Amino acid sequence: MSDAPTTRRDEALALLARLEPEAPAKVARNLDDFDADAVEILLGFAFADVVARDGLDIRTREMLTVAMLGAMGTAQGQLEFHLRAALNTGVTREEVVEIVLQVAVYAGIPAAMNAMSAAKAAFRAQEAV
Amino acid sequence: MSDAPTTRRDEALALLARLEPEAPAKVARNLDDFDADAVEILLGFAFADVVARDGLDIRTREMLTVAMLGAMGTAQGQLEFHLRAALNTGVTREEVVEIVLQVAVYAGIPAAMNAMSAAKAAFRAQEAV
Amino acid sequence: MSDAPTTRRDEALALLARLEPEAPAKVARNLDDFDADAVEILLGFAFADVVARDGLDIRTREMLTVAMLGAMGTAQGQLEFHLRAALNTGVTREEVVEIVLQVAVYAGIPAAMNAMSAAKAAFRAQEAV
Amino acid sequence: MSDAPTTRRDEALALLARLEPEAPAKVARNLDDFDADAVEILLGFAFADVVARDGLDIRTREMLTVAMLGAMGTAQGQLEFHLRAALNTGVTREEVVEIVLQVAVYAGIPAAMNAMSAAKAAFRAQEAV
Amino acid sequence: MSDAPTTRRDEALALLARLEPEAPAKVARNLDDFDADAVEILLGFAFADVVARDGLDIRTREMLTVAMLGAMGTAQGQLEFHLRAALNTGVTREEVVEIVLQVAVYAGIPAAMNAMSAAKAAFRAQEAV
Amino acid sequence: MSDAPTTRRDEALALLARLEPEAPAKVARNLDDFDADAVEILLGFAFADVVARDGLDIRTREMLTVAMLGAMGTAQGQLEFHLRAALNTGVTREEVVEIVLQVAVYAGIPAAMNAMSAAKAAFRAQEAV
């Protein structure tokens, strides 16, 4: 960041970098390729407007995101990303196990099984680094 | 609890009492009236087997539950209950606001609006005590 | 029914009458009031084309419907209707209890709690007759 | 709009007024009462960043919103609001009927029945004006 | 089509051909292989009874379908098909971008990201022709 | 089962073996690898506490599970497993076809199309044995 005023785009990508260092380049390219405003609109809302707020630490926020995506069951790839982000922001594997078990209570066993698969993939990715 | 061996039913209801003091009597009656095993099977799984585990504190667990129910959008009454339980276990109103905003990111604005309504009902219930 | 050829509308309403005797008049009026073709299109598909088929008996079909609506959690009123229809087509209360417990396994405890509420309402309606 | 710099909040509420004249006052009060930033974050994203864009006219956008909320089935109150907004922005009752029937194809008969109920409520509200 | 009376099956497949010329052969074979009545029951309902109706043009209908499938998030393959169908029936890429952004508002960022992936696949398929 | 006290883990795996002979070894390894308690908590709840109950025969239970997973649309892999389990516990292919058609009524055509794909995969797996 320079002295130049920080844009929502910059803020969003800076937050995304905290979740996974290589994510901003990849995600921004993916979105820019779709629409010039998509990064600012979608990631600006998600990461500059909401997730960057002070009221909750990033570690707790990632736990919430993992729980939500696990319960919804409609975005397996993004669940894997946020499980890696959870580990990257200080959530322990033991805590991930607890979240997966709690997903079973509120969204059923199949949702928990899918979350477990995503968690294992995130654990393996962490070991591969 | 006495010296008598604690059953899963007892364990589940003890955990439920931590969420809301008047809940065990009400919920147990509601379930017993449906099936003699329902408390043990459903609440035993939820509260004795999972939520009572050590790996996450109850306050964090209630935050996760609020996020999941808010994102799923299919259990407004239980979302209100768990918002009261969140407040009862130490989650602040400011944190509830953050969770609601984060629900908007991952499940959309209507889900967040419904979660906001439930949160306001929980805030009012807290004031009425 | 007369000697006249049976239409899909007639077939659909005849099946609906097996689920609840008073349903055809109420549902048809509700749909006719919306669009002249709605009964044939929506109920014709549901009840003449699918539910009236021979491959499964109506009692089993109502069990499946209760399970699906319980798991989806987005149509509480229709879940109550199909619980009454299940009882009307020979599903026992004990079997309803089992379906509700199985909903908990596949869709989570809140879905099962909502299904239990609908089941109790259906039980009460049956007693009120 | 005056010479004064327009904020995202103002832009969002201006768009909301096109959907229903009385909505901005009611919705803003509801959100402000929850969190000072909620209008800008939630409505700013929804109505200033996305719905106000030129790429689709507001009438088509409301049709899309009605279809989405009908298919999701988790926000009946907001579905009713957007059905009124659809009528207010030029969608005809006949088109609403078509959308409801199309919801049945992609999300099932119960979703369509719930959308029909919301549509009828919106039709009645329109007549009551 | 000949002088012979048109069946619902024929009508459904004729509509499907408007969405994608090669679809009828592929989809019919896929369904016939499952059950002899499946094309008439499922596609007859979808395409002969509903989507072929006059009340909305096919281009608008495909926009609605894309929005619904994007918001529901449970049928990625069919979302891709309907994005191709949308392009084939006159929806522009710019309009697809708008629909994807609107999915974010009503169903959350992950749903929009998945819809964006499907949209890109449809854009590539269009270029490959 | 021997004279030794049967644990919930044993009970759960015994039930799972009735669904598919090779499942217990595979599923237990998958879960044990994640958390030492996961088999007992998740499978104990699903298969020892609920599915093993007397109130419904296993064949009917698998029909219900197939219908629920088909309607929810969020666990395609587990839907395939339970379709194989349905065939293994006496559900006929003709009955599977009926369930898939009924999924279309209550959850929409795309859900049914996905369930049909899973059903075909289960049919092929059965033939490959």
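Each chain carries a letter (A, B, C, D, E and F) given by its place in the written order, and its residues are counted from 1.
Methods note: contacts are C-beta pairs under 8 Å (C-beta built on N, C-alpha and C of every residue); 3 or more make two chains touch, one makes a residue touch a chain.
All figures in this text were calculated on a predicted structure; none of them were measured in a lab.
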Any chain in contact with chain A as well as chain C: B, D, E, F
Intersection of contact partners for chain D and chain E: A, B, C, F
Superposing rotation of chain B relative to chain D, computed on C-alpha atoms, to nearest 5°: 120
Numbering shared by both copies at the chain F-chain B contact, with half separating same from different: same
Distance between the centres, which are taken as Cα means, of chain F and chain E, whole angstrom: 31
Rounded Å distance between chain C and chain F, as computed from the means of their C-alpha atoms: 24
Multi-partner residues of chain B (at least 2 other chains): 41, 45-46, 50, 69, 71-72, 74, 97, 101, 104-107, 109-111
Topology of the chain contact graph, where touching chains are joined (line, ring, star, complete, other): complete
Complex contacts: residues of chain E adjacent to chain F: 30-31, 33-35, 38, 41-42, 45-46, 69, 72, 74-75, 77-78
Contacting residues of chain C [partner chain E, same complex]: 41, 44-45, 49-50
Residues of chain A defined as touching chain B within the complex: 45-46, 50-51, 53, 55-56, 60-61, 63-65, 67-72, 94-95, 97-99, 101-107
Parts of chain B lying in touch with chain E, wherever the complex brings them together: 71, 104-111
In the complex with chain D, residue positions of chain B that touch it: 72-74, 97, 100-101, 104, 109-114, 116, 119-120
